[in-house]
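Both complexes below contain chain A, partnered by chain B and then by chain C.
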Partner chain A sequence: MEGYVTAVNVTDLQSAVMRVGSLAVSARLLERGIEPVFQISCRDRNRLALQSDLLSAWAFGVENVLCITGDHPVLGDHTEAKPVYDLDSVQLLKAADMLNQGKDMTGHSLESSPDFFLGAVVTPSADPVEPQIIKMKKKINAGAAFFQTQAVYEPDKFEQFMNKIQSFNVPVIAGIVLLKSAAMARFMNSNVAGINVPQTIIQELEETSKEDRRHKTVEITARIIRDIKPFCQGIHIMPLGWNELVPEIIEQACLN
Partner chain B sequence: MHATIQKPVEEILGYFKPGERVFIVGCDNCAAKCHSGGIPETEEMAGRLKSRGVDVIGWCVPQPKGVSLCKLANTARVLQEEYGKETGQADSFLVLACGQGFHTVMDATGGSMVHPGCDTIFGGETVSDTFITEYCSLCGECIVEYTGGLCPVTLCAKSLLNGPCGGAKDGKCEVDKTRDCGWQLIYERLKALGRLEELSAYKEPKNYSRWSRPRSLTIGEGEVTFKSLSGEHTVASHD
Partner chain C sequence: MSRLKDRLSAGKFVVTGEIGPRRGLIWLTAWVRQIQWKVM
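So, the complex of A and B:
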């Protein structure tokens, strides 16, 4: 993927499933000269651990931080775990922004301060969208300098959303999850919040033979990217294992 | 009110040593409303345990009608005086009430062995005779003035203070498709009240030291003092 992507998102126990942490993976990516977007969620750590892990990330050279709430533990594989959520995502952004200004949450001065590029998430197709937009504004006030979105499949609706937040004047990186099959699209529609794959795309996938499916996935993804590109400042491709398709998608979407 | 639910009788049976003489105590307030320790349930439990070979030497639900078991003076009087003969012979007590009532029986019986017959599950509103639900988490720092009267600490699965996460679908929470998103309820209520601007204000992180356990309240003359890990906090009831 070298030469194709600018940065790689490193998720923080996504879907609340236990695995290696995003801090270690971000640090290993940096060793290989790959720029990480270090995701840090509020689910598993209190304010002491969150601030400390942010400073640890900076010690490893991590600059991009995406502050997120995190999926609830009952959605994952350790369903009896205690959910932490000591801070919410807005408060985490504010804490990280204070670290940037050389202070921790209690106002104590740091010996040296980080200089994180802070990001946050927003769900453009939430219904109603107004609470999302109000919270987005709060995130900006708290220090968010860029946004990543939940997967976008409806360019028209995404354009409407971007028009609503035009005055915020903040870069938005639109998300897109590779659709591997019609069944996967249907599953996401009924189970994943903020995702709506239009029926026309599901039909396209349905009418594609198994051998042509990867080709179709590339075509659909590239088409959506071309359609939404004029309204946003970046694209976040979530390949879910089909990583080898990413360069072709980027070429077809004329992103390079 | 403190909502409770009875433990399975098999679990309760496992508490008792052979030959242990047991006195059962219920509560005529919350546990009665929850049908976990009122007069009918306490009498029923006595029968269920007796039929399984437990030496139940008596039972009571302290009166007057509707009184809480957690009122120590009343519970001590009832157990020591009204039922003094039976309780004097008891090796242990089984309490069909909340954890506070449970401890009250320990205090009322001079530190006797007490067994919990219920799980204490939440503090709730008695919406009807058949439905009790939770609107408050007893956090020690009420913020519902700014959320249309609906508590996000309780109604949001993640207790978020600054608005919804992205996990709601069709107004339902990501943790349970049958449960309303707390922040959607707050948004709709604030909108209906014409107070949507409340949503825009940044909410500071909670002071969780006010939610430390155990906490206490001391009632003085014209003032009360709340004690938690955030310190002692005294409020006067007059100017």
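So, the complex of A and C:
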């Protein structure tokens, strides 16, 4: 084992905030020998551009693609931007799967075809969770071969969710966002759909001094990972800039 | 073959990370260098 992660997701204008594009960054990661998971959202491109960008990604050597709908522009920093949503995430998966089969969305044949490893997202803590399960099934039928989840903080709920989707027989990589403070946890509870940080964790963070906060973040993250690991096929760590903590988390969570 | 696909297909447990590109390649490059994440 050379390092700590198998691949690195590259977000596509996450939270509808203007940034460098995920395709360029994915290509740069490949140059460094880091395997990217190219995230592509339906918010900013029509079906022409989405298919073209997928083929461009393949031309750069990108294999892993995570198809998402994308946050609406009203949530971002260009609130006047026009959302596209020509396709939704299920249709985008289907379009990418058709490219894999050598056809574009119109049925025209490609001169050569890519071989994308297609992924999608699901929110195990959604309440109710049934619509998530229905959409997950649709995504699998459209070509999703793996799933990454919204952040998980409740192992019991996650276990229940995994039991419900056991028959789908598809790998699920459980997401976890590093909690940097009690205020951040409360903000996520109030503003991010499908995330519920238990009060016990918020209290733990509140009772931790600023000097010990990083240590506490590692401890909490590793504990959650140990609790959910038996039920999933991988862990997706979203460090939000605290990248230097990842090795310690992996060690404490017994992932290496 | 994608290493991610390879490992998941083989039933091996995977760990993935995430970066959110920010506003500028210079800053981004510095950040990518800081990550020090390598590939299994």
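Observations on the structure shown:
Just so we're on the same page, the second predicted complex is superposed on the first by the 254 of 256 C-alpha atoms of A that agree within 3 Å, B and C clash if a C-alpha of one lies under 4 Å from a C-alpha of the other, contacts with A are read in each partner's own complex, and residues count from 1 in each chain.
To be clear about the criterion, a contact is a pair of C-beta atoms (placed from the backbone, for glycine too) under 8 Å apart; a residue touches a chain by one contact, two chains touch by 3 or more.
Quick caveat: nothing in here was measured; it's all calculated off a predicted structure.
In the overlay built on the shared chain, the residue A:M238 is in contact with chain C alone; chain B does not reach it. In the superposed model, A:T69 makes contact with chain B only, not with chain C. When both complexes are overlaid on chain A, the residue A:I173 reaches chain C alone and has no touch with chain B. In the superposed model, A:T6 makes contact with chain C only, not with chain B.
When the two structures are aligned on the shared chain, A:D88 is found in touch with chain B, with no touch to chain C. In the superposed model, A:Q150 lies in contact with chain B only, and not with chain C. When the two complexes are overlaid on their common chain A, residue A:G33 makes contact with chain C while staying clear of chain B. Common to the chain B and chain C contact sets on chain A is no residue at all.
Contact residues of chain B toward chain A in the complex are 157-170, 174-175, 183-184, 187, 199-200, 202-205, 208. Those residues of chain A that touch chain B in the shared complex are 42-43, 47, 69-72, 74-75, 83, 85-91, 94, 105, 121-123, 126-128, 130-132, 134-135, 137-138, 141-142, 150, 191-194.
In the complex of the two chains, the chain C residues touching chain A come out as 1-5, 7-8, 11, 13-25, 28-29, 32, 34-40. Across the complex, chain C is touched by residues 1-11, 14, 18-22, 24-25, 28-29, 32-35, 37, 63-64, 117, 145-146, 148, 171, 173, 229, 233-240, 243-244, 246, 250, 255 of chain A.
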